[in-house]
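One chain, subunit A, links the two complexes that follow: it is found with subunit B in the first and with subunit C in the second.
== the complex of A and B ==
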């Protein structure tokens, strides 16, 4: 039993890491990864919602009638997103401003609904927790890596501190919309290359 | 009037919902492999997005603001959109069966399309008037359709070429989207 739970956890980190392997939930991935800080902040917010909604959906899986399950899942997710929104507004206001409309948009992140439907609705509490945690951490790390690539190339900084010195001419393309698409596409390509071996 | 025309241009081209605001990327990549599915999705979105923009505006102004329930925005918007999609589905099935068959699977999928929810939130954040909400949600929807159909045309061509194995499918799709986004980026100076 213990082994299978650790497997549920680990699969989210590489084998099924959400934005790359499943190509789901792309909007926040593209939009908030201008800097590492924003990327990680978004990742942690999603992680929180994912773990909580997985736990609640799993706990209520025998109560929710299957015909209205999607609506119930969405309400559960929307509730946790509202909690995150209010918490973030109170505690991390600059991050709340930086993420903008993408905080309420966690509701429609396909990963969360996807995990609720595909996993939490069929599995026990502990397994769902492990699944949510693994997927959430995988998602956070992916956002962090993409954010790091874009911030280093696009503004020549990492976590706000300059790393190339003043003579560096930033590659501004990377922090604009086109750069987001190209960077994610190329990262997907690198993941495929590594995965092939 | 001039303001509204500017708003239309800005919503369709300058702030294109997919290529400049990063919304609705899942259906953008998922349904653009064939021109047929792209047109189906684009039509379904134009239909629902224009309606959803207006209805969420009404919900917010008449219900949430009047009773001081703004913190319920996320929950109520998503419920309104989900039921709207359900309602549109039933309505089309009864009244325009041909269109219903044409839209097929794309209609229910729109509930989780973040473009619809995103536009509702954008309208609410900008505190648009009713007319502005109507115009901008329609224009955003047209922008979505435009980007999706253009992208599907490009992707059909790419399928004919030889793409290196690791770059195939979603990967080359994203790079192509980047190039298309660069083209739309040129509109930035217009408004």
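== the complex of A and C ==
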């Protein structure tokens, strides 16, 4: 393991940012980014699950028998997802209503299982924490940016407040499902252009 | 053999731990979640019905056992006296159940107002039952002690055009509420009396 802790953290923010570089976990990325608020809410929920499951998987990596490791990972992940779901209901109910089925579906988000399997199961606690935090923040920011683009164009608002005034004709296409694909494609394009050197 | 035992032990311990944790969290947050659900899902309809009441009907609520079901009643205080209750009943509409909040003044047994809470009716047609106040306002001031029907069935309520089934669903829900109110009237008055002391 030549990489330092800070490198593990930073790679999740740009070089391996989940939705745009690894193109993983697209289901929530496309479905919930109608508004910035929903996007960031989903991102933070995923961030929490990712960090906690990475930590626990890493802590238990020598105890878990390799034959049933996936089952163990899923139990760990599902527990944290349920915790997030309960907390969201208790503290932030409108977000729970807006995200709907996509909160429990964090269980099958491939970023989380992917990081548990590919990273946390082979690395120490601190490195796994840094990896989870970096990936999670990268994911949250991606969803926030995508949500911002779609909300500003699609409904002319940012975080629920109107920014263009009443004369603005919203580009409704952007908050529909096809708009999600178009916005994601454009973001990928921009990321590749900037990254190309 | 040893490996198998280890797999079983690890999985069992993980599941037990996860189950206990989630059960504990669920118990801790149960009341809070119930309050949040009432506030955001049913709250708007309840507040609309008890407009001008001087209390928070969601905090001032009591439960009465009706057969196997526990029913929640929300109290409205007007002029310093708790004289109205709101409760939810259900009727079958065009597509599935329609939830209807019915507010009754217990002094004269007349309907204060009704409002639709949950439904899965056709958007723009049947859904008007919830969004268009004209239809539900027909219930205002009617005595609760009667069978509600749409005019086409020889009743007193004008159906919404194009949404007869939805209108029928709302009237059956109201009729159901009328029956339940009659059944539980004694207990409701008892509960309100103890509150007025």
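The rule is short, and it goes like this: the second predicted complex is superposed on the first by the 194 of 197 C-alpha atoms of A that agree within 3 Å, B and C clash if a C-alpha of one lies under 4 Å from a C-alpha of the other, contacts with A are read in each partner's own complex, and residues count from 1 in each chain.
Simple rule for what comes next: a contact is a pair of C-beta atoms (placed from the backbone, for glycine too) under 8 Å apart; a residue touches a chain by one contact, two chains touch by 3 or more.
The structure presented is a predicted model; accordingly, all values stated were derived computationally and were not measured.
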item: Side-by-side fit of subunit B and subunit C on subunit A, or clash; value: fit
item: Subunit B versus subunit C as contact partner of A:75, first or second or both or neither; value: both
item: Degrees between the directions from subunit A toward subunit B and toward subunit C, using C-alpha centres, nearest 10; value: 70
item: Which of subunit B and subunit C A:27 touches, first, second, both or neither; value: first
item: Which of subunit B and subunit C A:178 touches, first, second, both or neither; value: first
item: Touching partner for A:188 - first (subunit B), second (subunit C), both, neither; value: first
item: Which of subunit B and subunit C A:170 touches, first, second, both or neither; value: neither
item: First, second, both or neither for A:94, with subunit B first and subunit C second; value: second
item: Touched partner set for A:63, first subunit B, second subunit C, both or neither; value: second
item: Contacts of A:83 with subunit B and subunit C, given as first, second, both or neither; value: second
item: Touching partner for A:105 - first (subunit B), second (subunit C), both, neither; value: first
item: Shortest span in Å between Cα atoms of subunit B and of subunit C, once chain A is used as the common reference; value: 8
item: Where subunit A meets both subunit C and subunit B, residue numbers; value: 71, 75, 78-79, 82, 86
item: Interface residues, subunit C side, partner subunit A - complex; value: 3, 6-7, 10-11, 14-15, 18, 21-22, 25-26, 29, 32-33, 36-37, 39-41
item: Residues of subunit A that touch subunit C when the two form their complex; value: 63-65, 67-68, 71-72, 75-76, 78-79, 82-83, 86-87, 89-90, 93-94, 97
item: Residues on subunit A engaged by subunit B in the complex (per definition of touch); value: 23-27, 30-31, 71, 74-75, 78-79, 81-82, 85-86, 101, 104-105, 107-110, 113, 176-182, 184-186, 188-190, 192-193, 196
item: Residues on subunit B engaged by subunit A in the complex (per definition of touch); value: 19-26, 29, 71-75, 77-79, 82, 112-114, 117-118, 121-122, 125, 165-168, 170-179, 181-182, 185
